[in-house]
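Both complexes shown next keep chain A, but they swap its partner, so chain B is in the first and chain C is in the second.
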Partner chain A sequence: MVATGTPQARVGASRPGIRAAKPRGRRVGSGRVGYLFVAGYTILLLLFGVAPVAYALWLSVTNSSGQLVGLGNFTRVFADYRFGPVFAHIGLYLVLWLISLMVLVVTLALMLHGRLKRTSAVVRFLCYLPGAFAGASSVLIWLILLDPVASPIGPVLRAVGWSSAAQVVAPENLPVIFMIIAFWTGAGSWIVIMYGALNGIPHEVIEAARIDGAGALQIALRIQLPMLRKWIAYMLILAFAGGAQLFVEPQLVGTASFGQVPDDWSPNQLSYQYAFVAADFNGAAAIAVVLLVLSLGCAAAAVFKAGLFERGHS
Partner chain B sequence: MTNPSSIASRVPAGRNRASATSVAARVAWVMVVGVFLCFFALPIAWMLLAPTRSDAGIVHGAPFTFGSLDDLAASWRHLYDFQSHAIVTWVGNSALYSFSALAITLVTAVPAGYALATTRFRGRVALLTATLMVMLMPNATLVLPLYLEMNALGLDGSRLSVILPLSFFPFGVYLTYIYYSTTVSGDLLDAARMDGASEWTVFRRIALPLARPVVALVAFFSFVESWNNFFLPFVMLPDSEQYPAQVGLNTLLTASPMFNSSSGISEILRPELALAALLTSIPVLIVFLFSQRALVSGMTAGATKE
Partner chain C sequence: MITPSTRTGPRRARALVAVMTAASLITACADADPNRDGAQRAAAGPFSPAPQDPSSEITVWVDATRTAAVEAYREAHPEVKIKAVTYSGGANGSTELRTKVELFNRTGEGWPDVVWPNVQDLAWATTGATPFAAPLDTLVDRSVLDGYVKGALDQCTVGGKVYCLRNDLAQNVLWYNKKLMDQFGYQVPTTWEQWQQLGLRVGREHPGYLVGEVGSPTTPHIYFWGSQCPASVLTGDKTVTVDLRDPTCTRMAQLLDPLLSAGALGTRNKWDTGFIKEQAAKILMMPGPAWYGQALFNAGYHTPQGEIAAAAPLKFAADAETWTGAVGGGMWFISSHSRNLKAAVDFATWVTTDPGYTATAATYPAYGPAATGWLAAQQASGYYANDIGPVLQQAAPRIWTKWAVSTLYSQEAIYAATMVPALSSGKSVSSQMDVWQQAIVNKATALGYKVN
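Coming up: the complex of A and B.
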């Protein structure tokens, strides 16, 4: 079922929740065997999921000699002159990224839905393909493409006042540049997913509205958009969580910015600086814990609030 | 790409009154979609063409033209010569890390997803909830904590410090769990158990052969995530010999005089950088070409409608 059938069929199809999916049948596998089957995965979960979190928590409340210092590390990193700016940077980037994602992805999915099937499929595929270059490749390509000297859109860049590579990667432009890169690599898969979700809306509902005289715009605003709400929430939560962890983009742009962009532009970079430059593992752990809380909060919101993972009622 | 007159002819006869506005709307549609198409597709086209041109050709020539095979050969030679064919080492490392992690992921995730879906044991709901939470956390979240842990264990700097964390893939467990919960009939498993088959035999003979589609799906996602991971190997591995391709690209960028006037003489210019970005992405590109459908089913697995 998962890898067969059409995506449309899957989106919106009823799924078992964690509790709802009670094993069926009269006899189910006994507990002991269950433990054996999950043993390997559970060990990995404990070693590389739980242990690093626990150890980071421990480091964040102790000092380098292993003595408990309460929230000392936190107050210390909060007072760091770099702490405010890294979160301001990432905050600005997140605002741009989430707005572009919400407005453009939903608009494109609505525009592509229900039109010229073949064309729409090709367009969706081309939107999604750049995702293969996520990470360092996409940064490399966009660094060259945004350099007015070599860019195929050089005149456009000069028109907005960017006449040299150094001007483009100036610190104040970075949120926009990272938004462009993130959109290029990440928007396509969400367009594909939103399109699938739109297919989950019963055809009769749309048809009834059309007979009542609703135009495409009204159908989009009154019917399709409200029905996409959960998916939009899910997309925004995951994009927020992922965006807050930005590392590779500022790291690469930092090395290619003629020294303009510091090595501590994003929170993860700052944590990295604490660990590798200052060899201050306790400070690094404190920042990692702040980011961890942020991520966990998002994950919990996606699981318990967005309503996409139906947990059922016991 | 789309012919407005052929579109207009598809408008139902009863709507002829509105055909003028309809054509205008279609033209607007083509223009907006066209702009986005350019945004998504032209960088890829540029990346495919850039290695066939010289750096001077890219700067002075018309954009989006094919250079020559000689220039392509020169780009490849420059890239290959960089740190005595480091590019080959990096891609080899990426393959080693991704496939090792994939193997461990499959061996652990498939039985786990199967047991979570078909058996009942204490801690099952807790394990599922933990899986769901970790799966939704961005993988960068755990990188520095993992480094601190590996450092305490003295494992940082070893290849295992990259492979083992990559092989922990809760999303794979979740996908397998959903697959077995929805596809494999409990009655079928029960019948086998009634016939006296042991739990292991039931899994080996019935569940595992049925798992092929979900194994492909888990493999897709695990491979792409491992291959494109930058942060974890960047933090764990100190030695260029151990770098995977993603971290290698960072080395290339640092060495290129394009963006660092301070770096020494290097042949790594725009065509070489584009070629490197392209070559190191080919495995993921191949996976992407075949997996759009898998992506949707994966991302939407477990989602329910009100």
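Coming up: the complex of A and C.
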């Protein structure tokens, strides 16, 4: 599905005559089947996606007695001394994570596709492997890797000047550490997806470029990258939404470092603190809505910038 | 796809959203503050138990360690219907109990009869108009309540009512390695000042050996609690005094700093793999709670038998009396919703007072008469280099009771997140006291406490 999506859309769009010529009745019929196919997803989306969002929106403008408070909860969480730091933390983490994801995933996928063709099946599998672990267990592996005494890369950590786990998880290192964990657990599946997208680029386009004298680098920069644009945008949207909700990594590293990572490092953790330590679900909902607005805003920017939903040209 | 008719859709929606937002802002007259009832909430009214059914089953929520208590009780009382549910027990500051109880309050059913809570749970379970924890003054015999070590039930007492039964105490004493002390020819100190002087000597004469560590979250409970520092003094349900500039706090910071510079105080967490591997064998002295003997030195560090000994908690030379801190010490709640209070009370009383069971427990019993049997069992293990009994018994009623652990926030978590990274990067304790103060004040204020 991944491999064929792009070319089909393009082929269909470049030959509008074929579409128009299709019998009208058949289109209606296939539409009905289409509804059936999306029904399952839509129902689940309404139940577990839209309804909770609506509930969070409602909670964020009311107080615990159910009275409307307007933006009171928002001004309250904005004034919280932790609000600035959590978004600074997550902002730095997201910048590092999205850049590394974009640059490294695309580079690795291009290399696998072009240069390492013979070994690429094995390498692809190896890249994907860490992602096959459940999220929490892959974080646990890193807890061992980050302890200079227990880690197989202990000598490297010591060479950098870190002799104890406490020094490794110092506050200034945390965004980079979480970025590395996230990259290790999440990038593999994106490499596989990008590889599939690269397969979707028609061979004749590459062939034509090659005949015109383009080298591997030129093909990558001028043909493959522009054609991957929508996939990269798609990856960025999902990675941003996922990254902004960072929770497991700081929570587990915090527990493992005996509380050295504060329990309110990321916005999601702060929201959790509001809900389950202060029993303030309205404040928690306000933070959730802020995250939602940010994610939607960035998603919209990526969608329009990359023309994700434009079908006419890519 | 894009036709004029569909274009007006988003516009209308936008207008609708704008109108709704404006409307909600206009109608927004209510207060968003979750603590709008103010710091002074209604005091607990008279306790009115749920309808009782003496034959009903009781449900006990315990952490993994305490399942043994339920098993032991079941064996001793085969006639009682008792169900054990293992939960987090509030480990690592988990708020599971509070979350679940709030859900049960909404549904009006599902509360456990007896709970092993964490210390933060005291803050919400014993306060408000109808506290979750049942007041035990009338449910437990006065003679039994009087048997708990002096001061042990203070932490359970709110507004003159006792809301929990203490399971164990974790009074701090001075643990030391007798073999090493003898070998180096050192005298066991009795005051903090002597301890510091000896620590500086250790730094010079036996570098690498430690007289304590400040890299664990529990550090404030050992050093600053023992120094009677007002880092957390509750003056009401939701009012707290935090003053790290008090001389009782700064004297401890100034005591610790030279030792840090001399390398005689560890800055790694005592449970850290690296600490256990590289420094655990070099512990000369370590102020800490009653459970260090077995749980830390024996089980954690595998320090050989016959080396570890306990001495009386350290005091400041200027102080008239010895006061010490505590690291832990569990308790039991009985739910005010229980339909079988008699059985619930019997369980909680039995596990905290029964001589046979408490002697086998892992930690120092809070019930005075039970301590004798426990200490005898400890001594019979042959692990210690001296008789730890008199030391632990003497320290038990000397826990400074003004230091409140029963706040919604955990001092340990604050110390771990603010002080530990600073100390492990080489900063001094004194230089961080203001940062620490601010961190406590911030956390307390965020959770609705009035700080003065």
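Everything that follows uses one rule, which is that the second predicted complex is superposed on the first by the 236 of 314 C-alpha atoms of A that agree within 3 Å, B and C clash if a C-alpha of one lies under 4 Å from a C-alpha of the other, contacts with A are read in each partner's own complex, and residues count from 1 in each chain.
Criterion: a residue touches a chain if its C-beta (ideal position, glycine included) is under 8 Å from a C-beta of that chain, and two chains touch if they have at least 3 such contacts.
In this text the structure is predicted, and so the values were computed from the model without any measurement.
Could you tell me if A:193 is touching chain B, chain C, both of them or neither one (first, second, both, neither)?
After superposition on chain A, A:193 lies in contact with chain B alone.
Which holds for A:73: it touches chain B only (first), chain C only (second), both, or neither?
In the superposition, A:73 touches chain C alone.
Output check: A:150 vs chain B and chain C. Expected answer is one of first, second, both, neither. What do you get?
A:150 contacts both chain B and chain C.
Report the partner of chain A that touches more of its residues: chain B or chain C.
Per-residue touch count on chain A favours B.
Kindly classify A:55 by the partners it touches after superposition: chain B alone (first), chain C alone (second), both, or neither?
After superposing on A, A:55 lies in contact with chain B but is clear of chain C.
What is the contact status of A:165 with respect to chain B (first) and chain C (second): first, second, both, or neither?
Touch partners of A:165: chain B and chain C.
If we overlay the two complexes on their shared chain A, which of chain B and chain C does A:206 touch? Say first, second, both or neither.
Neither partner.
First (chain B), second (chain C), both or neither: which does A:263 touch?
After superposition on chain A, A:263 lies in contact with chain C alone.
Just to be sure I read the superposition right, which of the two partners does A:255 touch: chain B = first, chain C = second, or both, or neither?
Both partners, chain B and chain C.
Do any residues of chain A touch both chain B and chain C, and if so, which are they?
149-150, 165, 255, 257-258
Going by the contact rule set out above, which residues of chain A touch chain C in the complex?
61-65, 67-73, 75-76, 80-82, 147-150, 163-167, 170-171, 255, 257-263, 276-280, 282-283
Considering the complex alone, what residue numbers of chain A touch chain B?
Chain A reaches chain B through residues 1-4, 6-7, 10-19, 21-38, 40-42, 44-45, 47-53, 55-56, 59, 104, 108, 111-112, 115-116, 119, 123-138, 140-145, 149-150, 152, 165, 184, 188-189, 192-193, 196-197, 200, 216, 230, 234, 238, 241-242, 244-245, 247-248, 251-252, 255-258, 268, 271-272, 275, 281, 284-285, 287-288, 291-292, 295-296, 298-300, 302-303, 307-310.
Can you list the residues on chain C that touch chain A in the complex?
So the residues of chain C touching chain A come out as 24-25, 27-34, 36, 92-93, 95, 98-99, 102, 124, 215-217, 267-269, 271-275, 277-278, 408-409, 412-413, 416-417, 420-421, 424-425, 442, 446-448.
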